[in-house]
Amino acid sequence: MEPVNVADYERLAEQALPQDVFGYYAGGAEDEQTLRDNLAAWTRWHLRPRVLVDVGGVTTSTTVLGQEVALPILLAPVAYQGLAHPDGERGSARAAAAARTIMCLSTFANTAPAELAEAVPGGAHWFQLYWFRDSGVMRELVQQAVEASFGAVVLTVDAAVPARRERDVRTGFRITPDVPVPSVVAALGNPASGPPGELFSLVTPSVTWRRLEELSEFGLPVVLKGIVTAEDARLACEHGAAALVVSNHGGRQLDGGIPTADALTEVVDAVEGRIEVYVDGGIRRGSQVVKALALGARAVLVGRPFLWGLAVDGAAGVERVLTLLQAELAHALALCGCTSPADVTPAHVTRARL
Amino acid sequence: MEPVNVADYERLAEQALPQDVFGYYAGGAEDEQTLRDNLAAWTRWHLRPRVLVDVGGVTTSTTVLGQEVALPILLAPVAYQGLAHPDGERGSARAAAAARTIMCLSTFANTAPAELAEAVPGGAHWFQLYWFRDSGVMRELVQQAVEASFGAVVLTVDAAVPARRERDVRTGFRITPDVPVPSVVAALGNPASGPPGELFSLVTPSVTWRRLEELSEFGLPVVLKGIVTAEDARLACEHGAAALVVSNHGGRQLDGGIPTADALTEVVDAVEGRIEVYVDGGIRRGSQVVKALALGARAVLVGRPFLWGLAVDGAAGVERVLTLLQAELAHALALCGCTSPADVTPAHVTRARL
Amino acid sequence: MEPVNVADYERLAEQALPQDVFGYYAGGAEDEQTLRDNLAAWTRWHLRPRVLVDVGGVTTSTTVLGQEVALPILLAPVAYQGLAHPDGERGSARAAAAARTIMCLSTFANTAPAELAEAVPGGAHWFQLYWFRDSGVMRELVQQAVEASFGAVVLTVDAAVPARRERDVRTGFRITPDVPVPSVVAALGNPASGPPGELFSLVTPSVTWRRLEELSEFGLPVVLKGIVTAEDARLACEHGAAALVVSNHGGRQLDGGIPTADALTEVVDAVEGRIEVYVDGGIRRGSQVVKALALGARAVLVGRPFLWGLAVDGAAGVERVLTLLQAELAHALALCGCTSPADVTPAHVTRARL
Amino acid sequence: MEPVNVADYERLAEQALPQDVFGYYAGGAEDEQTLRDNLAAWTRWHLRPRVLVDVGGVTTSTTVLGQEVALPILLAPVAYQGLAHPDGERGSARAAAAARTIMCLSTFANTAPAELAEAVPGGAHWFQLYWFRDSGVMRELVQQAVEASFGAVVLTVDAAVPARRERDVRTGFRITPDVPVPSVVAALGNPASGPPGELFSLVTPSVTWRRLEELSEFGLPVVLKGIVTAEDARLACEHGAAALVVSNHGGRQLDGGIPTADALTEVVDAVEGRIEVYVDGGIRRGSQVVKALALGARAVLVGRPFLWGLAVDGAAGVERVLTLLQAELAHALALCGCTSPADVTPAHVTRARL
């Protein structure tokens, strides 16, 4: 049976992948409470559809950081995509380019920025940065992204220390040298191997707001990914961030934190329109994208959804997942009486009554 | 065992119908969240029964649009009733007439307005309209309803685009030419076949408030079905609607929207008594009808409940379902200290405390 | 294994009784939503225990209508107790007398008031009244209760029409002439037989507030059982009721109404101390009795709990259930820092936070 | 598989212990509602993590009553630890000393204060007191604790009467003379045997606020354990308590009371910083410790978690559990942008939105 939604792709990916690899992607931190809360939080917002609007011509197009995208759904940075499918990051990037959206390349990708740009020359790419303890390596990575015409640096700020993912301990999941990670090779001189947390120890826990200046020097817009409070949203504006992503790392870092759909409101209020706000975490349907837009997000990022597509069918699977989500989104926009993302307003969403 | 409530009829209908046909009627859009929310929302309102009132003579009679009905429960428009039972729409209409209530004939009925009027000459019928892209066909259908003495046009406004019902994709449900749909034949010149969404592409996504004038010209009261916001309720009043139905299409169109029991309050407040308000979605018991009345509805529509009756036993099954619901309603009215729908007040309902 | 709580007795009763008889007692109206809500509502109030109080001598004694009882837990009127055990109402009354509390005899008891008084001469009995259409029979019953020194008339006001209990329809439960009901014999001249609803048609749906005067003439205090709104609570005070019972008939009449633990607050507020307020519905533990007292009830009634005791072990079972509940209550009082029911205040309870 | 969290230890302890012993520790009072509520209440508070803080050097150290501890997690008093493992209280105390935290010795320990001090001379110990009816025995116990250099007396105030734990009745759990309890021997002259409630009858139900003076005379700080209301928190401050523990005895005494995570707020507000506030009940993760700190607790106590470690592997198991909790706590602090418990503020927590 042809998969008809993201949940179908997840089931197929679970069959296609080794148990430990599936668990690495599907799992979250500790009790996986936040993983579940992220999903549930979207169901506690209800759409308020408007009727008798001419929705004969619905577009899902919008812009992020001034760049036009065909849909307000970006590919979140996901590490080690070579484990999901031989197409790896190149496949995801090809699909993103075909769908005319942006792909965020992880620091822990199996593909270097230059390699990705070469493989998918027309694509719109952002570079996700984990700030390595060795700041020489960090600078090299960002410089490479600059040279490869990446459009932004997405600095992850919700992962100062390695995650506690107990699923991985139970499955014995390890990164092995046969699927090398260029950034790790650059830092250590060899592909390394071990549990993901061990590789993660390359990342510094000491980046602060003041050090963002060092990043700005590269000339790329800086997007801060992993903010869930009004306080940090204000600091992001004041420290020159170009945008921020309301994110809790898909429930993979701190367990027990606020779900992103609920954090979005306070962040949007605090930002007061100064910078763009994106959100990720638990988004599996186009109708949830409309909810995110109504709550003030400019766009959303999806991670696991496209990865399940990649695992099932490589680049073609990613493209199909994006097509499904775009169709769902266009459908939900039309039924809400909106002809484009720009038509969505705060009045299109309300808190579910309990 | 004789079925004693709507849930029993649903179980029997599931046994009686082919899986794909049952799934078509029972299912909802995408994750079927709204389908479930509609049901749950009624349980979060509690009745406040009054005692020591003489309820020796309880009637369920009321009027809708000035027409007397024996119970404030109308038959919602349901497509393709010929698939449920050979009696089809004629059976439902016969039962509605026997119960002295109104039957709404769907644009996608297997019976044309004129045929229905001929088969059930004494019945009170309303015509549900999907506004076809070919407005000639639309006009023909409405004109036929006028000539067949239908009492109102019920314009569905929550279905500007075809639904995404994944159950139907999984079962492979298709409309086939052996159970023809007169409106489709009129539009295409042949009975057509395919998934319901394909036939639905005959419907225009471009009807707007201004075009309601075109409908008014036929002289029938216009009822707008599918409004769930105060804003649209006000517009309905201003654009000359005779009534509106708080509806989300039984959870079959937009998934993730506000459930109807919760939307009812804001709609009733916005209407301020200017037009009649009906509600559908998730009503399975007479006590829920009392809740709807207490929240300000003049009447309710039921779709699946009577359809399960039709599937199980044709016209007799529909009549039995209506008899059960009427008995439950009379019972709940009596226990609330009301001798008729007119006695029900906002004080008869309260939000369930959590 | 010796039963240690009411839930144990319920399980044992289910084994001891024919399925239809167990279902008759255990079940509720229609979907049994209110049956479940009654139970859940008590869990949404939390006790606020006080410490470092001398609770060396805890008593559960209190008074109801001026009569001292050893515990604020009365036996609710329950019909047809002869079906549960040959001891029938005599057994329950003996247990109530042993526990020094009050037993309410149902109009539909298998024992007449005079018979009960003769069998348990020292007991404190109240007579529960269903007002028969034949008011001669009604007067005879009350007169008999007066002559048998019953302490009050408990008029049930939440059952103007027969209940819709679908469990009974499914099991085919019927009252049979071999366990006769004296009030029915008095009314019909024969023991009758049929579903409980048929016998119930002897009861008038037309009693109103004004007709309460006819009851007052017998000189007994009148307790109104089945009030759940502030409006009716005020009317009860104004029409001379001696007390009222916040009750929804254990979820056996109107389904979808407010649960009693939640209705209690508004009733107590409306009564303003003018008359005593009792409550029943879903009480299975002594700690819930403390909650009821804290919310302003003078006492509680239990129905199913003692009936399970009767079914399992006749009078001895009822006595054991009362002993368990009393021990639980004494325990909860002590842990709340109360030495008697009189020590319990509104500050001992708070709404559970969600 | 090596256990990786407290839940793993619980499962292993269930396998390692006789059913009745496991049930004694795992169970709660009556319906175990409060046992479950305690766990659930922590999930209804969400952390608000702050980012871009230098968390390169996180410490979990803090002080309680002026004493430095390496982590704000103390070992709650747990009775009869000799039943869990031959290491008994000595094992727990050795682990606490190794982890540099405080161990509370229960009055119903299998080890006397003097024995514990001798076995773990470097440890920081507090003595939990049940005030015996025979106040000579009480004085002897406290005096022994003073002489053994215990740092505080923890008076349990939520257990004026023996608990109603139905699990123990069902398993037939009994204290037997082969694992003697020194305090019981001191009181009765023999090791005694029977259900825990029988031994508990040595404890007086009559301690009041005024009698706290008698305790103060021993010169040790007095910690009151078992307060969940603002009223009693104020009284604790006024009567010279050095600290209090917001506790409901792990759901083992009063069933149906307020869960500790919810009581914490009102207690902290009432105390206004006058004395230290600790909390226990349902804490199984380091992230929950951060929530407790954010809600105003100085430290938490854990009971079952360390006991499962003791049951599985004696002192080493307790130490491993403490290491796990400390690592989780350090991790959660870092991800919240805190370098120590002192950095945690009320803004780090918010009520979960429903």
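In order of appearance the chains are A, B, C and D, and numbering begins at 1 in each one.
Methods note: contacts are C-beta pairs under 8 Å (C-beta built on N, C-alpha and C of every residue); 3 or more make two chains touch, one makes a residue touch a chain.
Keep in mind the model is a prediction, meaning the values are calculated, not measured.
Student: Both chain B and chain C are touched by which chains?
Tutor: A chain counts here if it touches both chain B and chain C, and no chain qualifies.
Student: Give me the rotation angle that lays the C-alpha atoms of chain A onto its copy chain D, rounded to the nearest 5 degrees.
Tutor: 90
Student: Provide the C-alpha centroid distance between chain C and chain D, rounded to the nearest whole angstrom.
Tutor: 42
Student: Chain B to chain D: how many Å between their CA centres?
Tutor: 59
Student: What are the residue numbers in chain A that touch two or more other chains?
Tutor: Residue numbers touching two or more other chains: 354.
Student: Draw the chains as points, connect those that touch, then say whether the picture is a line, ring, star, complete or other.
Tutor: The chain contacts form a single closed ring, each chain touching exactly two others.
Student: In their complex, what parts of chain A are in touch with chain D?
Tutor: 30-31, 33, 37, 41, 44, 157-161, 164, 166, 169-170, 204-209, 212, 224, 226-229, 231-232, 235, 248, 253-259, 262, 351, 354
Student: Enumerate the contact residues on chain B facing chain C in the complex.
Tutor: Listed in rising order, the residues are 1, 4-5, 42-43, 46-56, 285, 287-288, 290-291, 327-328, 331-332, 334-337, 347, 350, 352-354.
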